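Same chain, two partners: chain A is paired with chain B first, then with chain C.
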Partner chain A sequence: MIDINSIISEMTTEGSQVIIPLIQQMLGLLPDIPMIKLMVSFILWKPIFAALICPGFSTLGILLLFFPWIERKLCARIQWRVGPREVVRWLGGIIQLLADTLKFIFQEVIIHKDAHKFYFLQFPLLTFIPALLPILFVNIASADAEYPLVAIQSPYAIQIMLALICLFPVFILGMGWASNSRYAFIGTVREAFMYFAYEVPFIIAVLAMIILFGTSGSVAITEWQSTWWRWGIICNPFAALAFFIGSAMATSRLPFEIPEADQEVAFGPFVEYSGIGFGLVYIVCYEKMYVLSALMTMLFLGGGNGPYIAPLGDLSGAVWFLLKTIIVMTTLAILRPIYPRYRLDQGLGMGWSAILFLALIALVLSIIMRSVGMVL
Partner chain B sequence: MEEGEKNRNIRILHSGVFTPLRRWGTKWSLWPCHFVTSCCGVELAHAFACGFDGERLGTLNMGIARQANFIIVEGTITRKMAPALRIVWEQMPDPKFVNVIGACGQRGGIFWNSYNIVHPSDVVPVDFFIPGCPITPEGLLRGVRAVQEKIEGRDRTTIEFKHVDLPSVEKEEHRVPTTPKIFAPTPAIRVDVPREVDWDFGKEVVNNLKAQLGGLYNSIAITDKNRIAIKTTPENLMEVARKLSDSMGIDHVKNVNVIDVAHERKFIVEYMVSGYSKELMPVIITIFTEIGRETEAEAEPGFPSLTPLWESANYSEREMHDFFGVSFEGNKGMNEKFLLAPDTPEYPLRKDFKVEEELYVLEEGVPLAPTIKPPEELTMPVSEETLDEAEKNDEMVACIGPHHPGSGHLRWIMRLKGDVIVEVNPDPGYVHRSMEKLAENRLYIQNVPLFERANISDPINMNLGYVRAIENALGVEVPERAKYLRTIMAELSRIGAFFYDAGIFSLFTGHSTGFMYVWAIREMILEAIVRMTGSRCTPSFIIPGGIRRDISDDVLELTRNFTFAIDTRLRKFEDIFVTNPVFIARTKGVGVLTREDAIRCGIVGPFLRASGVEYDIRKAEPYEVYDQLDWEATTGDAGDCLGRFLGRLEEIKQSVGIVRQAVDAVKGMPRGNVISEEILGEYKEVSDDIRGYFFRVYGNLVLPKGEWTSITEASRGTLLYSIISDGESNVPYRVRVVTPCWMNLRGIIEASKGERVADFWTVYGSFGYFPPEADR
Partner chain C sequence: MKKVAVPEYRVGEKVKLHARAIGTAMVESVYPKTVTTQYPRERKKMPDNFRGYILFEVDKCISCFQCAFVCPANAVRAKEAPNGRYYPTIDYAKCIFCHFCIDSCSGGALKTTKIHDVAYKDMDEMLTLTEEMIEPPEIIREDKKSVEYLIDEKDLHLKRVREVDTLFVAVTPPVEIPMVSQCIDRANCIGCRVCEEVCESGAISSSAENGVLKMKIDTDKCTGCGLCVKECSMQILRLVRK
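== the complex of A and B ==
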């Protein structure tokens, strides 16, 4: 039996509402109708706000709508081109992805006769589970804030996020298997190999940070990095580098765009997807990027820490957090026009030699720093 | 094509709910699966590169049928390609649109009476045709806009025309051109017409040969400078070849040719061979025999193959088998078609297969072009042997192409063991447009634009090679100024082709920025060629005896300035791509061809030089003004993908130097007189500009009897034209073209053996393979 009253009282206790001075006046003007009041307080209830607005669903949606445009435009500028522009000329083509999305939605979905129909259709949807769930554990409040802004508070947040992120390739393998096409097979096997290449150093790099922080709760980590010289990237740059390269591998960015190399295996696991099916896998790649960038921001770039912006109140941390996340995403995106593609065996070799070595150095460094207590 | 397919996509877009959203989304998100079928693909690449940037319109080149909704058919669809076009169209999700660009896609263009083409409109429903040969990038983008307008609901049926009254002009009668074609009814075909030339080394070689071959030959003659013809019998052929190989060091075959002499009921089969030792480099020895032409019996006339001795003859022999039905015994590929499609007419190059004649005057009721039935079979089978062998050895067979983002326009049948390539079997001929057959039915001068279309990324060298064969036959000396101008254009064209290769290479290694950078440089080169000749890719500017018209000094000055701009941009390209550690890791030591392997496979040009053979025709047998300018041929020893690529980058720098020197030399010369007076005859006053007198001068060109072979250093290697004339007709009896890419195909196969799957594209990109040039 759910006790509505206790939930309402929990919603309205001090510190559980998001306070934004900029719109507080406006909220005050709302008539004292119980329903509206309740709904507004529900949305501004911190766990719900984190899950639905920021860094959760809405932020993700807006980012996904504009980030591919940013990426294409950035690539185009590096390549002496203009990039998407004519769609709404006075906006500079900024809603290009909206047009693409509408096209995908209304396009025919082809399921070829050799495909395993059931799995072929469900895997693009299922991929959203490991892509969306890690966001629930992201804390975007700054260390100064009295109360965190996070959907689920857990002392094991980082481990859970890591576990969900490592689930990703399973779904891609499933897609390739269900597609039943030779390019998809080759691409799937490549995906599996790349998974082996990055997973171990990636996990070790995160482990190094957990050892350094002495905690794996997202709130505690933000508090630990309260000043800029205590940010993870400064305390343990090796871990940051290993993590960054690992994320580039995990998101199939160039130079590690090996599983879906379009000149070689024609988008590998996704070769048979059309219409909204392809739209989903196209989007899910960016989602993966968002999650990994958010994790990088949390672990290495101080999370929501930054100068306090008074009018934004609790959202001040969110602004800094998003800014850092977008910078990481852009850095990942900018790899595309700069690097050619490694071969599969070279990617594997790097994963098991250079990057693993980097991660191990990071681990040792963390242990030393922790035991000596240099920064604690 | 089924009924009701036309405008089906528009009906889909205009039905159901959310129609405006649906139309808007589709309009701004037309993703073309670029169906690169022939040379127009070069201009498509220009349209989507940084010069014109088609991505502005929201069109993202996708390359994969399932995710695209728009086909841009680039030029010719051959019988072999037509099933692929249909399959790709059917794989695409609705609503889908088709644009056909280039003249070949409409009624065949310059190849209209070829035996191997199909009209794309018979295969798939077409939304818009964009004319031009090739189209310009502007035209292509205009076509994209046209589709967008069509999606919005505007169509050409809704365009309102303004009615105006024009003063009517009295209509003149259609005049037939004054030069009808003359075909000799029973031409006397000889390929060894002896000729007195001043060539001491040749006499020495002939004496040597006579002593060594003993009774194995019928006759030996010097047919021209650096050309020797040996006549022998089919039985003795192998023995003669072995003797040449052992004692003289002849190590490769440049050409395998069959000439059908139908009225004498015989085939002449000839092998053009040469060696890469210093003194033999410019020499071409033709070994030929005559065999009976069986017309009654079912069996194909047999002939001993030289492939066991010279591997480089392999693919050309298979090609000749397709064309003439001569079975080369000892070559393994004789039981299947190689270049031609299953439904192409049998033995199309035999003289009793006639192509449709050109009509100058259109008559009532006569259709404009031949009606060609599209193929009914939509399967593209792989040979049983390959599949069986793969199954036996537990391998996977993967077909790459003919429509694949990284296949080019041919099919590679790969046998894979894990991630390692066991063998790649090529399946070329998807752009085979039967140039050799068409050339037999056109005037000598009409073949200039025809052969240029073989490779529009390097048009001037294609043109130059053919013209040089004619000039050689007629004994025409080209004026000095014209020689310099030809050299400038040929080198610009070479730079352009090398940049083309570099762009494709960077795309194949996944680096789109490198592609964009070099395409920007190509844009400048094309601009220079436009200002000189008036055409971006197909100028047909070089004609027998000189060039069409003189080029002014300010255009030359502009060209010189461009070379400095190329330098700057080339440095930027090197910064981002050539010195990129990932690129070096991918290419160094990959796809190595040793000197012996390279010669055995018969690869040519910069790729042969990268394996350490110092063979550059511009040095070995200098033509134009290459011997008067200061430059060096580049060679390397590595023979890997990186070496092949860096060698060509170095050649670009040499070519830039040649252009600068030649421009400086031309500016000091008096203007005018760019066409040889020997060829102009009574029209000497047009020696600086041929316009208006073209057919009067060139219409009745007849070459002396015999075989006229020219070798030219085209950008990708040795380009060989061999024209056989009967001395009476004003059309060639047979023209044989061996393009460098055709010879290099064997090299790609050899170099990719035992490499990893991803390395196939590195090898392929490093060879600068241009399928229309290979398939002709």
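== the complex of A and C ==
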């Protein structure tokens, strides 16, 4: 049984509400209707706020709506093209993805004869589980804030996030298997190979940071990196580099776009999808990119730490966090026009030699720093 | 034997090259050197001798068939008009826009324009009759700007000018060299009188004296159009300077 009174009392305890001085005046103007007040304070309740508004659902939705456009426009500028332009011309085609989404929704969903219908249809939806759940553990409050702004506080937040992120390729393998097509099979096998190539250095890099911080709770990590010279990227740049390359591999960004490779295997595991199914698998990659960028911001860029912006109150940390996340995402996106695609064996070789080596150096560095006590 | 191999780089060089690539990308993302022409909204400025849609002026045509003769793609054909003369028609399905017809036109009746974007509904429509060649096709201008490509020592640049480029070229008539038809080998004339029939200005006349046909070219009347030269079956007429 859910006891509503206990929930309300928990909602209204001190420090459990998000306080934004900018809109506090507006909230005071709300009529004294109990239901509306209750709903507003429910949304402003920190766990719900984190899950629904920032960094959760709304922020994610807005980012997903505009980030593909930003990426396409950026790549186009670097490659001397123009990029999407014709949808809302005077804004440079900013709602291109909205138009694409409408197209995806009204397209026919084709399930071909050989596909395993049950899994074929459910895997694009199931992929959202490992892609969405890690956001619950992201703390976006700055270290100065008295109370954290995170949906679920856990001392094992990083490990849970990592476990969920590592679950992601399993669903992609499932999609490729259910598609039952040779391009999908090739893409799936490539995805599996890449999975093994990046996962080990990726996990070791995160492990190095956990050893350095001595904790794996998202709140404690943010507190540890309270000043800029204690950010992870400055304390352990090798881990940051290994993590960054690992994320580029994990999100199939261009130098490691081996599983999708549309010139070779025509989007690999997703080749048989059409209509809204393709829309989902297209967007889920960006979602994974957001999660990995958020993790990178948390581990290496100091989370929500930054100069305090008074009118935003508790959202001050969120603004810095999102800014850093978008910078990481843009850096991942900017790789697309710079690099050509590696061959599968080159990608594997890189993952198993250079990046693993980098991650091991980072691990050793962390252990030395921790044992010598250079930090703290 | 020399083998092509992957160049070997040291770690420092590799890092330098990566940094340079990323730096170039950063600079380009802020100041891109995009050279795309936003076509319907702006047009590239074409040179005056651009080989585009061909226009025709009836008054200047002397029906010499040179255009149909010279056309390498057999796109130009002469068709009989109600007044008995022959005028060119162009099949744009075949035309390769070499503009040999314009170069060969002795009267300057054919002339070029900068129109390069004519749309047709089907292949039959692409056969442009003489009447349609007199007036330019209907043009819908959406462009507000003209675009010019400038090439300097380093790179190619795009220069946008806020002006609408005119699509028609004013052809200055060439300095006319007065020519006159002359018979170079009188002994070989067979007296077929084709030249007399074909002459528009009536410069060639014939007279029979004692059963001998005598042809005469009036140099004052002759305009030097060259029709008789072309039609002469013995090829003994030439155009010479007056």
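In this text, the second predicted complex is superposed on the first by the 376 of 376 C-alpha atoms of A that agree within 3 Å, B and C clash if a C-alpha of one lies under 4 Å from a C-alpha of the other, contacts with A are read in each partner's own complex, and residues count from 1 in each chain.
By our rule, a contact is a pair of C-beta atoms (placed from the backbone, for glycine too) under 8 Å apart; a residue touches a chain by one contact, two chains touch by 3 or more.
Since we're looking at a predicted model, the values are computed, not measured.
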item	value
Clash or fit, chain B versus chain C on superposed chain A	clash
Contacts of A:I334 with chain B and chain C, given as first, second, both or neither	second
Partner chain in contact with A:R77 - chain B first, chain C second, else both or neither	second
Partner chain(s) touched by A:E272 [first = chain B, second = chain C, both, neither]	first
Touched partner set for A:G93, first chain B, second chain C, both or neither	first
Touched partner set for A:R343, first chain B, second chain C, both or neither	first
Comparing the two partners chain B and chain C, which touches a greater set of residues in chain A	B
Chain B versus chain C as contact partner of A:Q107, first or second or both or neither	first
Common interface residues of chain A - those touching chain B in one complex and chain C in the other	78, 80-82, 337-339
Chain A residues touching chain C - in the complex, by the definition given at the top	74, 77-78, 80-82, 334, 337-339
Contact footprint of chain B on chain A as seen in their complex	72, 75-76, 78-87, 93, 96, 98-103, 105-110, 182-183, 186, 254-255, 257-258, 261-264, 266-267, 271-275, 278, 336-346
Partner chain A, residues of chain C touching it in the complex	21-22, 25-26, 28-29, 32-36, 38
Interfacial residue positions of chain B with respect to chain A in the complex	18, 21-22, 24-29, 49-50, 53, 55-58, 60, 63-64, 66-67, 69, 91-95, 396, 398-399, 404-406, 419, 506-514, 516-517, 520, 576-577, 580, 582-583, 585-586, 756-759, 761
